[in-house]
Amino acid sequence: MKRIAVLTSGGDAPGMNAAVRAVVRKGIAEGMEVYGIRSGYAGMVSGDIFPLSSRDVGDKISRGGTFLYSARFPEFATLEGQLAGIEQLKKHGIEGVVVVGGDGSYHGAMRLTEHGFPAVGVPGTIDNDIVGTDFTIGFDTAVTTATQAIDNLRDTSSSHRRTFVVRVMGRDAGDIALWAGIAAGADQIIIPEEEYDFKQIVATIEHGYETGKNHHIIVLAEGVMSGDEFAKKLKEAGDTSDLRVTDLGHILRGGSPTPRDRVLASRMGARAVELLKAGRGGLAVGIHNEELVESPILGTAEEGALFTLAEEGKIIVNNPHKARLDFAELNRDLAF
Amino acid sequence: MKRIAVLTSGGDAPGMNAAVRAVVRKGIAEGMEVYGIRSGYAGMVSGDIFPLSSRDVGDKISRGGTFLYSARFPEFATLEGQLAGIEQLKKHGIEGVVVVGGDGSYHGAMRLTEHGFPAVGVPGTIDNDIVGTDFTIGFDTAVTTATQAIDNLRDTSSSHRRTFVVRVMGRDAGDIALWAGIAAGADQIIIPEEEYDFKQIVATIEHGYETGKNHHIIVLAEGVMSGDEFAKKLKEAGDTSDLRVTDLGHILRGGSPTPRDRVLASRMGARAVELLKAGRGGLAVGIHNEELVESPILGTAEEGALFTLAEEGKIIVNNPHKARLDFAELNRDLAF
Amino acid sequence: MKRIAVLTSGGDAPGMNAAVRAVVRKGIAEGMEVYGIRSGYAGMVSGDIFPLSSRDVGDKISRGGTFLYSARFPEFATLEGQLAGIEQLKKHGIEGVVVVGGDGSYHGAMRLTEHGFPAVGVPGTIDNDIVGTDFTIGFDTAVTTATQAIDNLRDTSSSHRRTFVVRVMGRDAGDIALWAGIAAGADQIIIPEEEYDFKQIVATIEHGYETGKNHHIIVLAEGVMSGDEFAKKLKEAGDTSDLRVTDLGHILRGGSPTPRDRVLASRMGARAVELLKAGRGGLAVGIHNEELVESPILGTAEEGALFTLAEEGKIIVNNPHKARLDFAELNRDLAF
Amino acid sequence: MKRIAVLTSGGDAPGMNAAVRAVVRKGIAEGMEVYGIRSGYAGMVSGDIFPLSSRDVGDKISRGGTFLYSARFPEFATLEGQLAGIEQLKKHGIEGVVVVGGDGSYHGAMRLTEHGFPAVGVPGTIDNDIVGTDFTIGFDTAVTTATQAIDNLRDTSSSHRRTFVVRVMGRDAGDIALWAGIAAGADQIIIPEEEYDFKQIVATIEHGYETGKNHHIIVLAEGVMSGDEFAKKLKEAGDTSDLRVTDLGHILRGGSPTPRDRVLASRMGARAVELLKAGRGGLAVGIHNEELVESPILGTAEEGALFTLAEEGKIIVNNPHKARLDFAELNRDLAF
């Protein structure tokens, strides 16, 4: 393989730039040319493709966001979209592709591979909800930003004996809420993966103030409900405390990546290049037990594939991401 | 004066602890004893008063919030409330008081002085809207936290070509919005002190994208309207961009104070003690042209008083805080 | 077990407070009383022992350093010292001890256990060089602080086309240098675990400038040599670049722990309490493959013990910590 | 004036990029074209000059260092150097120049003006030692970085009851030491502008420990002596404490500029353009009492000039920068 390309897809995450840098530098170290594709699959189809030198990615490792831009592009799910993309790859002499993004973008990588253009997925999202890896690029940074924000809220809530509901991103996964909640010493953590009861939450708030706490912080995962809705239900369940709501929202997506995310992105980007160099595609890179692993994107569970195509085109996730409910348990012990 | 007390009142602000530390250490350096009053005027009335040693304020200069707690206590506006507070001061042998808080809390300081207990106000609030000072304790930290959050949002909005409305605190004053907006390179800043027009705002968004910007960030001051309301009006005025809203809310109130706030708080706290030592009360400390100043809280405009009691008990603010409209102008030049 | 104690020993590390908090809160959750011992084994011997409530550790999770203080106390290696410590434990009714510190402090935990006072070690040090765990408490924070400092130096070195030697802590282990080096995009990383050649280092510097780099950053692990010595040898080997040296020194030991360190410390502290509750001592807690593990401190290699007592009192380390030389290799690929 | 240029000169400082951005954007807003000159006066002479668009300075406001690079270039003090520079300016059609740098670089601005190319100086240096301004661009950031580092050292020194000497930049001016020292709650601050006595310093260390302090932090300004030398003299004067030295060095030069520095740089850069637009050169922009001012670089004291050319070519500084000795006094009161 003489020329490969790299793109970022889906929601952006801190560390995507570090992954792109690693792909470029490792590719060059392996004697290949590396091209960038702007705005994900959209740019592949429109031909927004350009060479990247080692200097072009200088000073990028510490930058948040993605300098290649990202976009969602559902058209790439169609054969027509894929063929249009492949035509552009051919035109630019590109033989393999690294896709940094959520597992939604892995399907595109699978299709490209099937069409004869080996493509490898690298998991980039703050939510940590991608199959095939213990951690995703951007998760540690999002947890860090959330923890710092909750540390700030604790200062002010302590000064006024206030209750704060802090909502953090995580559509289906409570990982950010769990890690940031433990790290910030939250009093309660509410995630979609666990049952909760408003009466019980209110009782715990009261118990906290009764036992001498001068604030009460509840970390709420995005997937549960909106912050305002949650606060309303707390009040309906009898909460009488001085209650405030803050939604950290998109702040968690930005910022300079933490060293952990930079190292993870560097390792994964380099591994993706090694796989392409060996002519292997249709794989996603992951980290398991601190070591890099790769899994077939599509196939049978026995083969270790992330997804299985069942009858009628239904996609089965073979080993779905699970929240660490032991963390939720731990926090209940440590909060009081 | 042999024994003084210090309290924090109103909304908390980063640097309040540094001010309290300065009062304690400077008081001790001047041969006085210093007591803390918990939870503002409420604690004064309830007698929650205790001695503070130099060691008690060790390591406090870098802490956000206020370890003395703060609270609003409207009852202190009544003579009855004031007399109850004074009784407690007498009981603890306290002869003078430093009040760190918003200018609402200055009135209490004035009353205490009139009753024979010299009290001095120190301006602590993130909003920077207190008369008699160029800067308040906590403002620089709030601007810093806001700027970092907007820097984060810029990363993610650039990656996706998004428009972000970022709402920052500032009920009546656009200072945080102006400073953070310029510092973060916001595309537009909307403050209560300036007229705005939704058609024009939308036109500016469009102009930005047309001239090659890959994001558009609008910093909105709390006093204007809610973020959701603002977004709704943008859409009604024809905005077609990918629009998101984030309200930074109470995050701005917390966090370790910036060096600038710590130095300001240290200087002001020490000056308040010097004034009390000289037997002077009914004053508020401020900073003007980088030098400390003090102003009578109540009196005539000619005397330089902050407030004048007009007929029928109406209070006139003599030299109201003004937003820096030249900053708004500057940002319009630099945004594009 | 009804009453346990916790101490911090050896060099301090960010996250020690989080570990102590976890021991206290988890102990109370398990129905035990928890005491603190000030200044490590020195305080045990002198009887500086006091009860800790849940509130006493409130707001401690985010604080750097150790509020229990730490100290080296070689006298505890003697039987006399141990007996003096045990007398104090008895006097205070303490039945088990958690020791947070380097593996030097594990030996004291072993001795206490042998004398009938089960003690459990928790690995706290920034160097990451403790046997029996993938990561130590404080390492992630030290890497983060180092990376931020190198990011800063990169700004200024880029502006002036300078070569910087940045020395980071790590007496015997290059872990901080490797992680921070990769994270900051260092051009070269020099660690004690790998050979290096000054002629080659100088050639690499020259190669960097020749290929268009505008700075050159070398991360040097403490264990190699001093920064000034290193710079001198570079010059002797022919370096002609504008060379500066910075030793980050003790800055890496302080600061608010990262979320990752806080979570790790919380988990480990809680686990140590569980072990004591089960009457188990002479163990050290570790993390392996993201799950908590415990190992006998002393015993045979077959038992999974960390150390084996060989003939003549020599101590054998059974599974010594190894640097990730694959990281060193990775950085060589990505630096250029 | 239709086309102007901007360069950065001397030691780099955080906020230089923000100043360059302001020059470019304000210039364009005023209908001018703006060129960048790389590597200061060196690039002017060598013709390293290129147009800058509004987009070229997008996202630069938050970046440390200077993307235009900086360099010292003593050859520009000669007529020959100046004429070579002017030839290049002419060649590129440039009619005016903004110089961001230390006051050493103001002299070049003066010469260009005398040769008919109006040039305006903007004070950029972390040391805050430039005449004609209360604050320089970069100073607030350097103080912030220093304060955070000292906060870190306080964590670890408190844990071990250690004495730390922390050396901060500031060749001739103690400003960084004074501000960071007060902000970090240093126990002693040693600056070149004030007398000090080692016996007294040692006595103060002892007094601190005797009165219950668990650490002792001395902030030392670069201009006094090296950290090692200082420590040696402390020991000779009888210090018996556990003493460590850290030199923060070049870390202070880097990092994302604080909001305050970004706002200052934005204002000053824009003002420089206004001056050029009005055809005015030979001036330096400053800030005094929070308002922008400009001063003639060369002239008589009566004219408010920064420098006066005396007989025999000697340069007299008319109103030299002075350290705030009241800050030193304040810290003595608050440290204990």
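Letters A, B, C and D mark the chains as written, and numbering starts fresh at 1 in each.
To be clear about the criterion, contacts are C-beta pairs under 8 Å (C-beta built on N, C-alpha and C of every residue); 3 or more make two chains touch, one makes a residue touch a chain.
If you want to know which protein each chain is, UniProt gives these names: A, B, C, D = ATP-dependent 6-phosphofructokinase.
Worth saying up front: this structure is predicted, and the values here are computed from it rather than measured.
K.L.:
For subunit A and subunit D, what is the smallest step count along a path of chains that touch one another?
P.N.:
Shortest path length, in steps: 2.
K.L.:
So which chain is the furthest away from subunit A, centre to centre on CA atoms?
P.N.:
Taking each chain's C-alpha mean as its centre, the farthest from subunit A is D.
K.L.:
Calculate how many whole Å lie between the centre of subunit A and the centre of subunit B, each centre taken as the average of the chain's C-alpha atoms.
P.N.:
The separation of the two C-alpha centroids amounts to 37 Å.
K.L.:
Using Cα averages as centroids, what's the distance between subunit B and subunit C in whole Å?
P.N.:
Once rounded, the distance between the two centres reads 41 Å.
K.L.:
With centres defined as the mean C-alpha position, give me the subunit A-subunit C separation in Å.
P.N.:
Taking the mean C-alpha position of each chain, the two centres sit 29 Å apart.
K.L.:
Which residues of subunit D are in contact with two or more other chains?
P.N.:
Those would be 151, 154, 158.
K.L.:
Provide the full list of chain pairs in touch.
P.N.:
Between chains, contact exists in these pairs: A-B, A-C, B-D, C-D.
K.L.:
Provide the residue numbers of subunit B that touch subunit D in the complex, in ascending order.
P.N.:
Spelled out, the residues of subunit B in touch with subunit D are 21-22, 25-26, 28-29, 54-55, 58-59, 61-62, 134, 140, 143-144, 147, 151, 154, 158, 179-180, 182-185, 211-213, 256, 258-260, 262-263, 266-267, 270, 288-290, 327, 330, 333-336.
K.L.:
Please give the residue numbers of subunit C that touch subunit D in the complex, ascending.
P.N.:
8, 12, 14, 16, 63-66, 69-71, 145, 148-149, 151-161, 164, 214, 244-255
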